[in-house]
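My structure is below; once you've seen it, I'll send some questions.
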Amino acid sequence: MKTPVIKAENVDLVFQTGDGSVQALSDVSLDVGRGEFVSFIGPSGCGKTTFLRCVAALEHPTGGSLSVNGMSPDNARKERSYGYVFQAAGLYPWRTIARNIRLPLEIMGYPKAEQAARVQKVLELVDLAGFGNKFPWQLSGGMQQRASIARALAFDADILLMDEPFGALDEIVRDHLNEQLLALWARTGKTCLFVTHSIPEAVYLSTKIVVMSPRPGRIADVIDSPLPKERPLDIRDTPEFLEIAHRVREGLRAGHAYD
Amino acid sequence: MKTPVIKAENVDLVFQTGDGSVQALSDVSLDVGRGEFVSFIGPSGCGKTTFLRCVAALEHPTGGSLSVNGMSPDNARKERSYGYVFQAAGLYPWRTIARNIRLPLEIMGYPKAEQAARVQKVLELVDLAGFGNKFPWQLSGGMQQRASIARALAFDADILLMDEPFGALDEIVRDHLNEQLLALWARTGKTCLFVTHSIPEAVYLSTKIVVMSPRPGRIADVIDSPLPKERPLDIRDTPEFLEIAHRVREGLRAGHAYD
Amino acid sequence: MSWVLGALGFWAAAWALNVRLARLRNTRTLGLLMPALFGLTLLVVWEGLVRGLNVPGVILPPPSAIGARIATSLPVLWADFVQTFVKGALSGYVLGCGAGVLSAIAIDRSPFLQRGLLPVGNFIAALPIVGTAPILVMWFGFDWQSKAAVVVAMVFFPVLVNTLQGLSAADAMQRDLMKTYSASYLQTLTKLRLPAAMPFIFNGLKIATTLALIGAIVAEFFGSPIRGMGFRISTEVGRLALDMVWAEIAVAALAGSAFYGAVAACERAVTFWHPSQRGL
Amino acid sequence: MRSVLPILTVVLAILALWYGAAVALNARWTLDQAARAGQELTLGQIVSDTLQQERPKLPAPHQVGAELWKTTGAMALEGRAFSKRSLIYHGWVTLSATLLGFAIGAGAGILLAVGIVHNRAMDRSVMPWAIASQTIPILAIAPMIIVVLNSIGITGLVPKAIISAYLSFFPVAVGMVKGLRSPDAMDLDLMKTWGARAGQVFWKLRWPSSMPYLFTSLKVAMAASLVGAIVGELPTGAIRGLGARLLAGSYYGQTVQIWSALFGAAILAALLVGLVGLAQRITLKRMGMAR
Amino acid sequence: ADEVTLQLKWVTQAQFAGYYVALDKGFYDEEDLDVTIKPGGPDIAPSQVIAGGGADVMIDWMPSALAAREKGLPIVNIAQPYKSSGMMLTCLKETGVESPEDFPGRTLGVWFFGNEYPFLSWMAHLGIPTDGSEGGVTVLKQGFNVDPLLQKQADCISTMTYNEYWQVIDAGIAPEELITFKYEDQGVATLEDGLYVLEEKLDDPAEVDKLVRFVRASMKGWKWAEANPEEAAMIVLDHDETGAQTEKHQIRMMGEVAKLTAGSNGALDPEDYRRTVDTLLAGGSDPVITREPEGAWTHVVTDAALH
């Protein structure tokens, strides 16, 4: 973790809208090292998505500096460093599941044979092996979400950006995918930025948890997780786990107006 | 709880689709007494939504019998017995939040003055007091969801049907709304049918938890909760609570293919 | 030759300016300035080509001659405008669109009628006006009534079809919501389905504006009193007064665009909530 | 197939209305003629006369049908399908101009839409004029277009095709602008995260997602092309084509001939639009977008 | 062979039989000409076509030709195969119209598109306003057919002796039920269906020679048509591509047309020209032409062709 992969210093972002301006990010500073798994948690509208979009060069900070792999996010994007999973599945309805997953490979010019092999591999990874030839609307919402995760995993992105990827899934499926994601991350050493609303999920997955607070979006707390890399599901009942979860909850609560 | 408000006996429902028929509900029998709070939990596609729709007379069972307040669901609907919160917010984009909430009141012919008073009250209940004059697309997803809950609470429905109303909200807001809902239920004695993917939520809210399993949609387990009516949030750390949660999780797991 | 080169030079300069303007922030004045500049370019190129290539005035007059003609013929142009646009096109537009929306609401209640009427309606809508106009002139006489009838025939089906499509635009969940309130047919119609249909209805109404003006003008070719834009155009072509012809065409284009713009403005006011009106 | 019965019902209703209207509109002529001849007519005589006049105000359906058959099927059976008196021949003339005009118009419309979507200057300055262009009465300028093109030596099919292209480019341009803009922000952002080039975004995202819009507007454009071809036929000396038939019929007061040419045109339009619909169904099905 | 394109004023019909006969019988070939005949129609202004270079020779009525000349299009009459005017106003007797004095207050159908000049001149002669003012007539722009009379939307309509009049008869109205006013009889006849070319052509001897041969062959065609009306009508029918004309109507038309061409050998009679110009100049407040035309006709071609 010597050279950070992502280095944000005093990042500000102000949206100009019809009726006045909205400060979405304010003075956000954060270092993410190679191979880290960072979760972002915070109330709705606090700027989680906006920060991920800045990293992927889909938005541009209006203040401060942000670098990825030592270069600007724009250049990093040209190097094809990113795998992005959006909040909604966003599959193209005119392509089958397999061809949706193949799309980024086509764009990045992978050889034909390799494309097929990679598609097959990630389909299996997300338990959709038999569904490659279905169209998106022939799948349930949860399956679509898994296909969109597979699409982001199919090519060799350095950095995986995931915006509430498991929001629409039930608890059991979610647990299962959490385990899979953790295994993949451990195996490949990718750097992951992960947005979630679920405290246990954030604690279970991350090496670092960023708690954000709204109006204007700022970082309220950064928690480095002492949990080991090897994490069975029942680690969630250990005192260390509950301890971190408690700290996250407190940080979150501070951002809300209740009680 | 002498005369059940909702009485389902061997309810079957088969959808006829282009390529064959889908059995969405199979042999579902369930009694719900006046003032009960019943949660439905189960994997995606197991028929939770379908059952709620049958109760609201939006679908019609193809077998078995279903009665509401001793009459057919169709007649119950004519009595305006239902408040329904759909999985998505479903606000009308051409009406402001306040006028969206007022819509059912207009339809049911409440006097003008009372309409305004009620709208004001439920807006406060869901923490949207200042937002009555905004249009739906000017609010974040979570706020829209709260507006749609307010809309269902604005009029005096006997039976509240809620289909994953809190799916899009973060944990803190969710906890807050859970408390509010419970208080409202205790105060008004409405009968509630509630669909959720969250086990703690189901256990925290309900007097009765129905665990469903898919293909074809049937009831796997019905758990009567021994928890008291008065439930502070930290009841979730008591052994009784965890005990029920465990039973629900087991029931759920049986419906999945993993391990 | 210098005229031609000058015109092309102006074109290049104006385009470069427009490209530069396009990078600026979107404002109201810019929204008017850019098309105005483009239109000015068209006129300059036209003038330059006509003069440079010595095109006879009886084939294509230069814009300057047309402008001069407009200035001297305002009373005639106004009388023609009233006859064709106000009496013929507008009345036909109101009648045809009104009938289209009302019929759509009536048909909407019967899927049977919908399935039967739509294909037949599309077939009837395909009857070319150049054929139907003389027939309607024969039936409804020479004055504006027959022009209005042609307009009605032209706008009815586009509005009907769009309205029908719009009435089915409210999604299933929104309708189910109405059902849980046990709302009456009329309540569902006025509070849900008509508002949801507005973007589609306006689509039809916008298409209908251009159709209405064209229909009223074309119908005058097949018989008319001795005023009206279509009458003037066909008569003055025969007299080789091409400047007058283009003056009428200019009025038609102006009136048509203004009509379209007015309906589009209503659309923005009524369907402000639709994503297509919010975006950009 | 479920639609057969409803369509049949509607067609029957229209036929009934039509016969009624024919009797009502044509009765005056019958009565006038009788009055001139000093005869008294029974109701039956009036009705039967109104349905078989030579120059009726509104010809009866069977008269139009008979004329259609006489000028198409019957002539084809005699092997004179392409004689000048056959509607098949005139329909073919119109069809070729329609198809050429449609190809030019649809192509131009698509190109214009691509330009508008990719170039802000074009978007802001051209669109209002595209709308204005459609408010110009084509029937008024068609003769001038023909004369101008004639004078530079372009005659025959092309001038007509240009007029029909003028009418058909607009719906395609408008529909395609909408279609090419239909991918939402997220779809476009996804492409950005992969570092896709403009060409890739166009072919892999914008183009496929515009398909439903393309076909809908192609249907409108096809009908407009046909109208354009007919309009373009009037000032060419009205020699050949359905437009010439309409005009000649109109000039000689041959209402039956007008109506049969009219229906010939509508049938042609229905066939062409149906063909586009077929292409639409096949394409969308192959793309998995038809459900 | 030299190429000549002729633009007709109206659709293919016996009104133009002479040219079709010359084409069909090889009279043009004999003169080493390759002639193309372009039919006209309601939307075609022959003078516009000739200005655009789409034709070498056109057929037009003198009023609109002179009006065009005043507009700056230098066209010249080179031959005049029609001696008399076929124009008239046809009214239903039952409307009570008996003489031009009855016109005020009536609705009259008139052809426009450059064909309104004779009517306007006539009304100016009679002192009847046509602009809708008190004591005037209501003018309708008449379409392509005789429907306004049959449907009783107009009291009188414009007809040609050789065409529309017979369409009224064919529609079932007996001649006794009609009353007609021929422009010839009213003393306001203007010359119809002359041959016109652009002035510049006459400066080129080669072009003049071509025109001479063209007029010679055309007049031969006309005289043949006058002598053989039935065959001439059949030749016209053969050239009708719309397939809309009927044999009966064309034969009858040929017969009527022959009466109008009968008095002409092709050369313009200066007296007819004088009368036409006087009629047009006397148009009251809004005359068709405002100045005495100069050089609007020439005998150069006919002199060479006929001698």
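Remarks
Residue numbering begins at 1 within each chain, and the chains themselves are lettered A, B, C, D and E in the order written.
The rule is short, and it goes like this: contacts are C-beta pairs under 8 Å (C-beta built on N, C-alpha and C of every residue); 3 or more make two chains touch, one makes a residue touch a chain.
Each chain and its UniProt protein: A, B = NitT/TauT family transport system ATP-binding protein; C, D = NitT/TauT family transport system permease protein.
Note that the structure is predicted; figures quoted are calculated from it, not measured.
Touching subunit A and subunit C at once are the following chains: B, D. The greater number of contacting C-beta pairs, out of the two interfaces C-D and D-E, is seen for C-D. Annotation: 85 Å between the Cα-based centres of subunit A and subunit E. Put simply, the C-alpha centre of subunit B and that of subunit C have 50 angstrom between them.
Rounded to whole angstrom, the centroid-to-centroid distance between subunit A and subunit D, based on C-alpha atoms, equals 53 Å.
Here the CA centre of subunit C is 38 Å from the CA centre of subunit E.
Along subunit C, residues 59, 134, 138, 221-222, 234, 237 each make contact with two or more other chains. The residues of subunit D that reach two or more other chains are 57, 143-144, 147-148, 151, 234, 250, listed in rising order.
Touching chain pairs in this entry, ordered by label, are A-B, A-D, B-C, C-D, C-E, D-E.
Partner subunit B is touched in their complex by these residues of subunit C: 173-174, 176-183, 187, 191-192, 195-196, 198, 271-275, 278. Within the complex formed with subunit C, the subunit B residues making contact are 53, 56-58, 77-80, 82-84, 86, 88, 90, 92-94, 103-104, 106-108, 135, 137, 161. Residues 42-43, 45, 47-48, 51-52, 64, 67-68, 71-73, 112-116, 130, 132, 138-144, 147-148, 151, 153 of subunit E touch subunit C in their complex. Listed in rising order, the residues of subunit E touching subunit D in the complex are 8, 11-12, 38-45, 48-49, 52-54, 143-147, 150-151, 167, 171-174, 177, 240-245, 249. Those residues of subunit C that touch subunit D in the complex are listed here as 15, 18-19, 21-23, 30-31, 34-35, 37-39, 42, 59-60, 112-117, 119-120, 122-132, 134-135, 138-139, 210, 213-214, 217-218, 221-222, 229-230, 233-234, 237, 242, 245, 248-249, 252-253, 255-257, 259-260.
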